[in-house]
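Heads up, the thing below is written out as structure tokens.
Chain naming follows the written order as A, B, C and D, and within any one chain the residues start at number 1.
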Amino acid sequence: MSATAVHGLWTTMGGVTSAAPGDRFAAPTIEYAQLAPVLIVLGAAVLGVLAEAFVPRRGRYYTQVFLTVVALAAAFAAVVALAAGGYGTTKARIAAMGAIAVDGPALFLQGTILLVSMVAVFTFAERRLDPEAHGNRVDSFVAQAGAVPGSDGEKAAVRAGFTTTEVFPLVLFAIAGMLVFPAANDLLTLFIALEVFSLPLYLLCAVARRKRLMSQEAAVKYFLLGAFSSAFLLFGIALLYGYAGSVSYATIANVVNGSVQGIDPALADTMGNDALLLIGGAMIVTGLLFKVGAVPFHMWTPDVYQGAPTPVTGFMAAATKVAAFGALLRLLYVVLPGLAWDWRPVMWAVAVVTMLGGAIVAITQTDIKRLLAYSSIAHAGFILAGVIATTPEGISSVLFYLVAYSFVTVGAFAVVTLVRDAGGEATHLSKWAGLGRRSPLVAAVFAVFLLAFAGIPLTSGFTGKFAVFKAAAEGGAAGLVVVGVISSAIAAFFYIRVIVLMFFSEPKADGPTVAVPSPLTMTTIAVGVAVTLVLGLAPQYFLDLASQAGVFVR
Amino acid sequence: MSFPLLTATAALPAIGAIATAAVPAARRTAAKWLALLFSLATLVLAGLVFVRFEPGGDRYQLTESHAWIAEFGVRYELGVDGIGVALLALTALLIPFVILAGWHDADPLETKSSRWRPTQGFFALILMVEAMVILSFEATDVFLFYILFEAMLIPMYFLIGGFGDRAHSGSDENAAAQRSYAAVKFLLYNLAGGLIMLAAVIGLYVVAGSFSLAEIAEARANGSLEMATGTERWLFLGFFFAFAIKAPLWPLHTWLPNAMGEATAPVAVLITAIVDKVGTFAMLRFCLQLFPEASKWATPVIIVLALISIVYGALLAVGQRDIKRLIAYASISHFGFIVLGIFAMTSQGQSGATLYMVNHGISTAALMLVAGFLITRRGSRLIADYGGVQKVAPVLAGTFLIGGLATLSLPGLAPFVSEFLVLVGTFSVYPAAGVIATSGIVLAALYVLVLYQRTMTGPVKAEVRGMPDLRVRELAVALPLIAVLIGLGVYPKPLTEVVNPAVKHTMQDVQKQDPQPEVEAAK
Amino acid sequence: MNPVNYLYLAALLFTIGASGVLVRRNAIVVFMCVELMLNACNLALVTFSRMHGNLDGQIVAFFTMVVAAAEVVVGLAIIVSLFRSRHSASVDDASLMKL
Amino acid sequence: MENLIALLVAAPLLGAAVLLCGGRRLDRAGHWIGTLLAAASFVVGVVLFSAMLGYEAEARTMRQHLFSWIPVEGFQADIAFQLDQLSMTFVLLITGVGTLIHIYSIGYMEHDERRRRFFGYLNLFLAAMLLLVIADNYLLLYVGWEGVGLASYLLIGFWQHKPSAATAAKKAFLVNRVGDMGLSVAIMLMFTTFGTFAFGPVLSATGETSEGKLTAIGLMLLLAACGKSAQVPLQSWLGDAMEGPTPVSALIHAATMVTAGVYLIVRSGAIFDAAPDAQLAVVVVGAVTLLFGAIVGCAKDDIKKALAGSTMSQIGYMILAAGLGPIGYVFAIMHLVTHGFFKAGLFLGAGSVMHGMNDEVDMRKYGGLRKYMPVTFVTFGLGYLAIIGFPGLSGFFSKDKIIEAAFAKGGTEGWILGSVALLGAGITAFYMTRVMLMTFFGEKRWQPDAEGREPHPHESPKSMTIPMIVLAFGSVFAGGFFAIGDRFTHWLEPVTRYDHGHAPVSAATVTGATMVVLLAGAALAWAMYGRRPIPVVAPRGSLLTRAARRDLLQDDFNHVVLVRGGEHLTRSLVYVDHSLVDGVVNGTAASFGGLSGRLRKLQNGYARTYAVSMFGGTAVLIAATLLMRAV
């Protein structure tokens, strides 16, 4: 039984039967069908763990890839089925005894996460980029995570053809957490989902095949800072619970609105105490802003993005952001709309420093992965501008932006995996000089992604940016739009710089080569380009979808 | 449903671009011919638009309207007025010459890997720019226009940065650095302007709830849409800023000399004769039409900026040592005239400005392309490296001189008509401005004649000796352009006929009337 | 005793933990400080649960403990592997990536 | 008949087009085509003239409307012609002298490999000049006005390999452009005042606007005239323009183009009549230039430059006359025509001398040429007599009338102007006698040139002498033909109006005084140059002489103030553009780069620092949220 289901059981019992504990046991109702996407992925993850234990080493890779892909596809099918069944709109509801929402934003984001994860997993499974080691094809992951880098043990593991196929179950667990995260409808579920997707990610960061020291360093930093931020989030939960006497979103929202009065007047000093509410709310938001990489909670991003194995970086950059923004949206729109006057100015400021900070610091970056990290920070700022709109258009614009952004990101990092030299991926920008001459196609594709990041019209990046800015302007945040376009202009500078480097610089003699990938990575990149262009040229269908999905169930 | 002529006119070069890009690496010449063919076919379609357009008819004709992004209130709406028709014709007319003039500009210097296809890319990009520019002249939806306004920067950027002028002083590496500096400057400058405009576009939507030019104009006319003065001014500034960069207007001009200097001559023509026209065109169509009050409010400042552009551009042209930069600064001066004509807000000024856009396109193309032929021969852009060319290549010198004379607006050539209209139109409302602008004609003579004297006359320099005269291909570029310059100089009526009604509409938009002459008023 | 005092204690513990994270260099100690922060949260939750008279807070506290345990598993694994590679558990030594 | 008017322009224009586009094929026949088409234009002119004579004096104006040129809302510019007596006079002068000079050029340019192009340019000039005088509105006139400027530019710089020629051509065009600016502004003023710039409506409506407006228009027209007619302060280009082939100097820079300014002022007489201040400016410019040109002409050793100074001075007379109003218009034009004959003749003579002297222009290296070039000597001598106003010859009639008219202006003004004109006549006699003596009398002074070629002075071929002879006839008889019975006055009166004025002194007195100064001038010249041998190297001379050799320092002023100043200005602007305007842009980019570099350092790689950032961020967030509530 999944953690969420268990938890739903307990909270419900606590809430309903607190007067007379244990005198009767009401079986909780769990809407398995509506939770199917999560359950499928979790189930597959558990199967994956079993496979690690029981499937012979040779077959593990294929088993795991097959299992993962099938699970994700099935989960996506379930999401589509639910959406088609009207759960995104008319039949939106709160399932699992109040723990999980099944509504438009949740299904939309779950679908996005699943699709993005699917293409990201393709890059996990890529085994043609690195030269074969002792006759064995290898992927981006270390042969044996426990072996000390450079030690004899590691060499032996490589020779034996070990591979870390555990990454597949890990990524499935992470995906499951991410699926729950934006759907979480009480604070406990929020916290658990956060940990469920964070912990596997910490591990995934540590298992890079090349540059292992950096990979481990990234993992440590991510883990320590992640745990630190979780603590803040949890303390915020505690305070909010103290304020409202419940962890359920609906109840807290009601208390915030003042529609529910304190149960016990004697406890009025905590119940409905606004200081608790404000501090608690701020701390929870802090935890979420950490995950989306907003300034000043962003500093882990460049280091972790750089150190983590590139497929993981792509997955993390895309999917985490989707999940975290989903959760942030739900928290701000469902739990704290009554506090909009308090949090809007603060978020406004965060959005401004995030947009400007990300864009400015990116100018002087010299590593492509760090550059993309700062770019992701700037984009977090843009998305925050949409969040601040506090209108239905704000929700749908953020939803759309997340789709656009996540596919571009996965695609861009997939391209990064292709450019390699003797030391693995050649991520230093100077090595990218003249790439356009050597491999026009790869460079052109990357240029398309960069242009999309820069928000040039006819790419998805522009449509998304337009959507959030429009929502922000309609929501009365015109100043934010101006800051947004200014930082877009600054941001354009470094995207253009990379294009200049690729196309207008002479190739270096000892430059990197572009590896020819298997159809897996090709698919990832192709999907990225396709989504980028389709959302740029004919975004109407997806905008409609986002707009229909833009209503939270309460 | 009738045949979507406007879409076809824009789609044809786009298809051509894809087709050209797809030509195999080895078949370079085929790619060139294919590109030329598509550009000529586009010219035919543009001619059809010109013919089908009825000067006395509706304001926007040959309209098309399709749903596109309903979520943003965006429609795929096309339509042309006289101004659009004129500029569309200009674009379609010039591109074949640009292609022809750049015939060898993108031949690979040495054999690179088989996947590297610069020639195909060069011509495909030119056609891509053509498609976008044409569509932007046709767009009657603000959003559609904006998208094209921004998107056309990308192919231009690659054209400037990827296919630089091979004639340069200093090392190859230095030249590459200069070139990419120019390209990046071009892109960032224009992108910055475009992004500011994006904020204004969004603001416009928030205020007006629509992107359709017709809808907004109607709503403003019948009073259902009222903009607060402050809002209108901010939005106007957002739009104008972008257009002033594109145009370019002093002090936002510094990207142009770099870009034109580093790009090949045909690409420089593409920049200044075609793409920049989108900026001035948009001032007429969007600034005046959407924000008439704010336009009038900003007029004094804009007039001053335009005057500075005229005089400053001309003076800087005099001080240049590089042929192409000289022409670039001359263009800045000319754009000053165009802006002046637009914001004088008189019939003559606006008709003049529109004609000016067309004529400047043709005259600069003539001058720049011939200058390009010259530069290719000698391999240097520095004026000081030439001398006495007239003696060895008289036809080249002759065509260059005619291009120069057109640039200095010699009567009898097309630019004179437009320049005089602009001056008269300005003078009748702002006499002082008219007089200052008139001083531009002296300065124009100065920079053109100094350029001609230093390059073409005097003793024949050793490096110039043996320089071949214009070849057939080059004559095919220069002569038709000169013919058009003379033709439109003597008989501009076909153009004024289509432009006049559009100007009348614009004058109604801004609710301005031409000042009455003193004596007639007395009568 | 007024349960509010437990809240003050929780806040104090949380601050101590946070300060520890900021000033200590040893990764293990830093991690322990994080655990301290989590436990501060637990204390707060339980206190509030008591004040509100419902069990929600206590249940959350249970979950937190489980999560903390899971975190230890993951965290120690990562920190140990780092230690083995570098023979140092100092978070300051792990600064290959910067700027 | 009226439909023929366009042919006047069309014929030479066709010639220009054919010759310039025809390519080398036409090299052998080019000069004939050019001459033929010039002659054709002359024939058309004569035909139109005879037709005109058939009409009533008041109804002689012929019109032809070709098409609407620039039809724009509220603005109407037509390609339309108007041929009245004034225009007719010019048409005949231009085509007549023009054809003669075409013929002359056949011989003169015989050895030039680019002769075809030369004739093309000449034809282009004719077309533009004719357009200038037959246009029916100021804008079309402006086309011709700039057209002749272009032709002049091309012809002055015809020998482009000589840097001095190229520079002179550029200078001529530029100075002219300054004048053109005046014409532009004048046209714009007319448009705002009258709503049109066609001659008829504008000139008939001068009474309906203020004098201030008209003065402004008049001054702007004067500026234009100064540029085209080389009047002070825009005279500096004419001397340099002598770099062009001599036929060009004769046709463009003596007989026709430079007189366009006079045409413009006479044509716009109605405007000037209504604006006395503008008129005053005109006479002042005329009087100053008259003396200026004459003084410069005295000091030059270059035969063509001496004649150029003379031209300037003579046009000064015309401008002076034109500025007198109806008293002087007719005489301005009359002098213009006679001057066209004798000055063209003098230039052709000078060309003939140069032709025989290996293109030597320094008169100090001539001497005693009358024996070698009898025809040239005689025709040149007749021109000489005509220009100094020898009684009975052309110049006598026309110049005398102008001096009379100047006195007739009345008042102090009249006295001053009359005296200046009189003084000018004396100086004219001096410098022309000087030219005559230095060239044709005295000992031969020529020497082998740098390459050791000794000049062999010889008479020029027939193609050159015949035009000279024809022009000499004109120099001798035209004045008398015009003046006797006031024929010319009656001819032009319907267009320009005529007014006797009130002369304070009798015509006979004026004539007598003129004779006295004339003789004095000639005698002085003989005393200085006839009695003594002329040094081959010019003596240092007085301050005035040295100044006059340098065009009275006006060029130096231009050089220091305009050229140097302009260079400094452009150079500093280039600096400003690069460092300031572009500097701001680059500086903005650089400052973002710098900011980025500094912010980047915060990312120091220590996880603890990151934690501090998060902790601080949270604290700020909480504080801000609480603060929001508190406020």
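Brief remarks on what is shown
Assume contacts are C-beta pairs under 8 Å (C-beta built on N, C-alpha and C of every residue); 3 or more make two chains touch, one makes a residue touch a chain.
A quick note: this is a predicted structure, and the numbers were derived from the prediction, not measured.
Listing every chain that touches subunit A and subunit D alike gives B, C. In summary, the chains found to touch both subunit B and subunit C are A, D. Closest to the middle of the protein, by Cα centroid, lies chain B. The chain with its CA mean position farthest from that of subunit B is C.
Interface comparison, A-B versus C-D: the higher number of contacting C-beta pairs is recorded for A-B. Work out the mean CA point of subunit A and of subunit B, and you get 45 Å between them. Subunit C and subunit D have centres, each the mean of its CA atoms, that are 96 Å apart.
For the pair subunit A and subunit C, the distance between mean C-alpha positions equals 24 Å.
Separating the CA-averaged centres of subunit B and subunit D is a span of 37 Å.
Multi-chain contact residues of subunit A (touching two or more other chains): 220-221, 224, 228, 232, 302-303, 493.
Residue positions 18, 21, 30, 91, 94-98 of subunit C each touch two or more of the other chains.
Multi-chain contact residues of subunit B (touching two or more other chains): 188.
Pairwise, the chains that make contact are A-B, A-C, A-D, B-D, C-D. Across the interface of their complex, subunit B is touched by residues 437-441, 451, 454, 456-458, 462-463, 465-467, 469-470, 473-474, 478, 481-482, 484-486, 488-489, 492-493, 496-497, 500, 503-506, 538-540, 543-544, 547 of subunit A.
Within the complex formed with subunit A, the residues of subunit C that make contact are 4, 7, 10, 14, 17-18, 21, 27, 30-31, 34, 37-38, 40-41, 44-45, 47-49, 51-60, 63-64, 67, 70-71, 74-75, 77-79, 81-82, 84-86, 91, 94-98. Within the complex, the subunit D residues that touch subunit B are 20, 67-75, 79, 139, 142-143, 145-147, 150, 153, 157, 160-163, 165-167, 169-170, 173-174, 177-178, 180-181, 184-185, 187-189, 191-196, 205, 208-209, 213, 566, 569-571, 573-574, 577, 581-582, 584-585, 589. Interface residues of subunit D, counted against subunit A in their complex, comprise 589, 592-593, 595-597, 599-600, 602-603, 605, 607, 609-611, 613-614, 616-618, 620-622, 624-626, 628-629. Note for the complex: subunit C touches subunit D at residues 18, 21-25, 30, 91-92, 94-99.
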